[in-house]
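Note that chain A is present in both complexes that follow, paired respectively with chain B and with chain C.
Let's turn to the complex of A and B:
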C-alpha cells in the first residue's frame, strides 16, 4: 500500500528525484555548526505564531469594548485557550530573539558577503517585519500595558519634522490611540503583514536555494574569493549529507526551542505579563512607568537621550540603512571576523550599546 | 554603490545637525510631559485650588484628595460638591448643582447621594437619631474623615475613636461580631490579587465580593449587633461561593502548570533522544 502510494506520487511529481536531490544527495559543508539551524528555527517559530494566531483569531474580537474581555475569555473559558495565547505571546518574543541571533551569527561568519547580498537584505527586511508584527500585535489585547506602550511607540515618529505628525496620525487614525488604531493594527497584524512577510521569507529561502549554503570561514578555504562573473551554485561535494546529519541538528534545535518555550510558560508565566497586562486599557489613567516592548527599548531610550529628536531619529535611520546595506558597503574579501579586529570591535561596541540601552530603557 | 549609500546618509545627516534645537518646545513636551496620546481631563476645581493664589487650607484639600480612595476610583470634586469643573463661569454655580461645603447635620445626605444603602441604615441607627437631635452626635466625617478618605476597614472601630463620644464596650462587641466576615473578605481580596498577578482577571468574583462587602458594611451602620449576628450565616454562604470559584481557578492554574511542564519535559526528552541518536550515527 505504502509502496503503491510512493509510486503513484513519484510518477506524477518526481518524488524520488526530489528526495534524492534535495535531501539524500544534498551536501552541507563539513564545518557547519549549530548556529546554521537558527534560520530554520525562525521558520518554525513563524509557523508556531501563524498556527496559534489562527486559533486566537477564532475567539478574539477587535473592538475596545470587547477586545480585553475576549482575551480574558480565551485565557479562562476557551479549552486550552491559555496554552495557545501563552505560546503566541512567548513565541513572538522567542521568534524575534531567534531572528536577531540568526542575523548576528550570519554577520559573524561573514555569510552576508557576495554573492549573498540580497539574501542578507531579505533577511534584514524580514527581521524588521517581525518587529512590526510584534508591535502591531502588542495593542490587540487592549490592556493598560498594550495601550500605553502603543501610545509611546506611535509618539516616536513625531520626532520627524514636517511628516512626523502625519506618520503618527496615519498609525493611530487620530490624535490618540482609539478603536480606529485597534482596527488598523488588527488589519496590519492578521492581513497585511503575513503575505508581505511570507513573500520576503520565500525570496530569502529561494535565494539560499539558488546560491547554495555557505561554509563557515573558520578552518576552511573560502572559495568565494573567485571573481564573480557568472552564476554558479555553491555546492559541497565532499561535505556531509543533509539527511541525517544536519536534519538531526535542526530537529534537536527545534525540540530545544519548544522546551525553552514551555519552560517559560511553566516557570515564568508572567515574564511577558506584568501587572498592567492584566488590566483593561484606560485612556484616562497613565501607568507610572510606561515603556515599549523590550525589542523597541533601545531605539526608544536612544530617542530619549539625544537632545534633538530629529537628530535622534536620523541616527537611527542611518544605522538601519547601514545594517540593511552592509553587504554592499563591506566589500572586503576576508570573511573571518577574527581576522578583522576593527570590524569585530565596532560590532561588539554596537552590541554592548544595544544591550545597555535596552536595560537603561527598562528603568523608569 | 557604497558611495551612493554613504552620500545619501550624509545628505540625511547634515540637515539633522543643522536643525538641531529647532523644536525646543516639542523636545520639552517629549521628555517631560506625559506622552502625546494621553487624554487629560481638565478639572478647574483642582487647577484653581492647587494654585498659589489659594489659601493654604484650601490647597491642602487637593493634596488630601489625591491620596484618597475616592481619587483612586476616579471620584472627583464635582461628584460630591456639584458644579461644572469644565466651565470657569459655572464651576461654582448653584444652577449647575454646586453645593459647596455641607452643614454638619447635612453630611449624611451629602455622602448618601452615592452611599444610598448606608444612609438609610445610618439614619435609623443610634448615631443617626442622635445626629437629628444634637450637633454633638457623629456624622460620616467623624469616623471616615473628609477629603483624605481611605478605604474603610474594621480598624476604624477603635478605642481612641469611639471613646470620643461614649465607652468602648459596645463598640468592641460590634467589632468582634464583624471580625470573622471582615477577615474572610480580606483573605478573599488577597486571593483575588494573587490571581491577578498570575494573569487572571477575576472580574465576576471581584464584583461579587465588592457587592457582598458593601452590603455587609451597610449593615454595620445600623450599629445593631444582634442584626449582624443574625445575618452572618447569610454573608458566609455568599463568601463561600466566591471562595469556591477562586479555589477552582487555583486548581486550573495548577493544571496549566503541570500540563506545560509535561510538554517541556516531552520536548526536552525528544531533544535528548535526537542528540543521542546523532552521536551514535557519527560514531
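Let's turn to the complex of A and C:
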C-alpha cells in the first residue's frame, strides 16, 4: 500500500528524484558545525509561533473592553489555553534569541561575505520584522506593561522633524494609544506582517539554495576568494550527505529548543510576565519603572542616557543601517575573524556594550 | 517620437497617476479616526477640592491633565503627557515637582523642564477662577 502510494506520487511529481537530489545526494561541507543549524531552528521557532498564534486567535478579542479579559480567560478558563499562550510568549522570546544567535554566528564565520551580501540583508530584514512582530504582539493583551511600552515606542518617531508627528499619528491612529491602535497592531500582527515576513524569509532561503552553503573559514582554504565574475553555485562534492548527518544535528537542536521552551513554561512561568503584565491597561496611570521587552532594553537605555531625543534615535538608525549594509562595507577578503583583530575587538566591544545596556536598562 | 517611446511615456504617466492616487487614499485611510469618547470641553472644579500644596488629576479634552494648587502662586493646569515619550507625569508633593516614571524627566510646577530628557515644557492649559470655582475651557 505504502509502496503503491510512493509510486503514484513519484510518477506525478518526481518524488524519488526530489528525495535523491535535495536530501540524500545533497552534500554539505565536511567542517560544518552545530551553529549552522540555527537558521533551521529559527524556521522551526517561526512555525511554532504561527501555530500557537492561530490557536490563540480562536479566543482572543481585539477590543480594549475585552482584550485583557479574553487573555485572562485563555490562561484560566480555556482548557490548556495557558499552555498555548505560554508557548507563544516564551516562543517569541526564544525566536528572537535564536535569530540573534544566527546572525552573530554568521557574522563570526564571515558567511555574509560575497556573494552572500543579499542573503545577509534578507536575514537582517527578517530579524527586524521579527522584532516588529514581538512589539506589535506586545500591545494585544492590553496590560499596563503593553499599553505604556507601546506609548513610549510609538512616541519615538516624534523625534524626527516635519514628518515625525505624522508617523506617530499613523502608527497610533490618534494622539494616544486607544482602541484604534489596538486594531492597527492586531491587523499588523496577524495579517500584514506574516506575508511580508514570509516573502523575506522565502527570498533568504531561495538565496541560500541558489548560492549554496558556505564552508566555515576555520581550518580550510576559502574557495570564495576567486574573482567574482560569473554566477557559480557553491557545491561540496566531497562533503557529507545532508541526510542523515546534518539532519540529525538539526533534530538534536530542535529537541534542545523545545526542552528549553518547556523548561521555562514549567519551572519559570513568570519569567516574561512582570507584575505590570498582569494588570489591565490604565491609560491614566503610568506604572513606575516601565520598560520594554529585553530585546529592546539596550536601545531603550541608550535613549535614557542621551539627552537629545533626535540624536538618540538618529544614532540608533545609523547603527542599524551599518548592521544591514555591513557586507557591502566590509570588502576585506579574509573571512576568518580570528585573523582580524580590529574587527574582533569592535565586535566584542559592541557585544559587551549591548549586554551592559541591557542589564542597565533592567534596573529602575 | 517613436511609437514605442510614446507608449512608454504614456505607461509611466498612467502608472504615476495610479500610484499617487492610491498612496494618497491609503495615507488618508490610515489617518486618525475621531475620538469615540465624548470630549469634555468645559470642566468646573471647586477650589476646596485641591488644598494648598496638593494636586488633582483630571481628564480634559480626552487627555490626562493635572491642576496644582501652588502655595505661593495659586492654581495652574498642566497636561500630564510627558513631552519626551508620552508617559504620564506624577505630582510629587515632597519635591514640589512633576516626575515622569519612564525616563526620569523632572518638571517644575510651571511645567518647565528641570532635568532629564524631555525636550519641551509640559503644555499649560488655560484656566480661570470664578469665585470658588476653577474653570477650564
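One rule holds in what follows: the second predicted complex is superposed on the first by the 364 of 364 C-alpha atoms of A that agree within 3 Å, B and C clash if a C-alpha of one lies under 4 Å from a C-alpha of the other, contacts with A are read in each partner's own complex, and residues count from 1 in each chain.
Definition applied: a residue touches a chain if its C-beta (ideal position, glycine included) is under 8 Å from a C-beta of that chain, and two chains touch if they have at least 3 such contacts.
Here the structure is a predicted model, which means the values were calculated and not measured.
J.: With the two complexes overlaid on their shared chain, look at chain A and say whether chain B and chain C clash or fit.
T.: clash
J.: For A:309 in the superposed arrangement: first (chain B), second (chain C), both or neither?
T.: Touch status of A:309: both partners.
J.: Looking at the overlay, what does A:287 touch: chain B (first), chain C (second), both, or neither?
T.: second
J.: Could you tell me if A:322 is touching chain B, chain C, both of them or neither one (first, second, both, neither)?
T.: Touch partner of A:322: chain B, not chain C.
J.: More residues of chain A are touched by which partner: chain B or chain C?
T.: B
J.: With the two complexes superposed on chain A, say which partner A:259 touches: chain B (first), chain C (second), both, or neither.
T.: In the superposition, A:259 contacts chain B only.
J.: Given the touch rule stated above, what does A:14 touch, chain B (first), chain C (second), both, or neither?
T.: neither
J.: Based on the superposed arrangement, let me know which partner A:278 touches: chain B (first), chain C (second), both, or neither?
T.: It touches chain B, and chain C stays clear.
J.: Does chain B (first) or chain C (second) touch A:155, or do both, or does neither?
T.: Touch status of A:155: both partners.
J.: Go through the superposed model and pick first if A:175 touches only chain B, second if only chain C, both, or neither.
T.: It touches chain B and chain C both.
J.: Which partner does A:202 contact after superposing on A: first (chain B), second (chain C), both, neither?
T.: A:202 sits against neither chain B nor chain C.
J.: Of the listed stretches 9-17, 63-71 or 81-89, mark the one in chain B with C-alpha atoms clashing against chain C.
T.: 81-89
J.: Does any part of chain A touch chain B in one structure and chain C in the other, and if so which residues?
T.: The answer is residues 148, 151-152, 154-155, 172, 175-176, 283-286, 290, 304, 307-309 of chain A.
J.: Along chain B, where are the residues that touch chain A in the complex?
T.: These residues of chain B touch chain A: 1-2, 5-6, 8-9, 12-13, 16-17, 19-23, 26-27, 30-31, 34-41, 74, 196-201, 203, 249, 256-257, 259-261, 263-264, 267-268, 270-271, 274-275, 277-278, 281.
J.: Across the complex, what residues on chain A touch chain C?
T.: On the chain A side, the touching residues are 148, 151-152, 154-156, 169-170, 172-176, 178-180, 283-290, 303-304, 306-309, 312.
J.: Which bits of chain A are touching chain B when the two form their complex?
T.: 68, 72, 75-76, 82-83, 86, 148, 151-152, 154-155, 158-159, 161, 168, 172, 175-177, 244-245, 248-249, 251-252, 255-256, 258-259, 262-263, 265-266, 269-270, 273, 275, 277-280, 283-286, 290, 304, 307-311, 314-315, 317-318, 321-322, 325, 328-329, 331
J.: Applying the document's contact rule, which stretches of chain C touch chain A when the two form their complex?
T.: 27, 30-33, 35-36, 57, 59, 62-64, 81, 84-88, 90, 100-104, 116-117, 119
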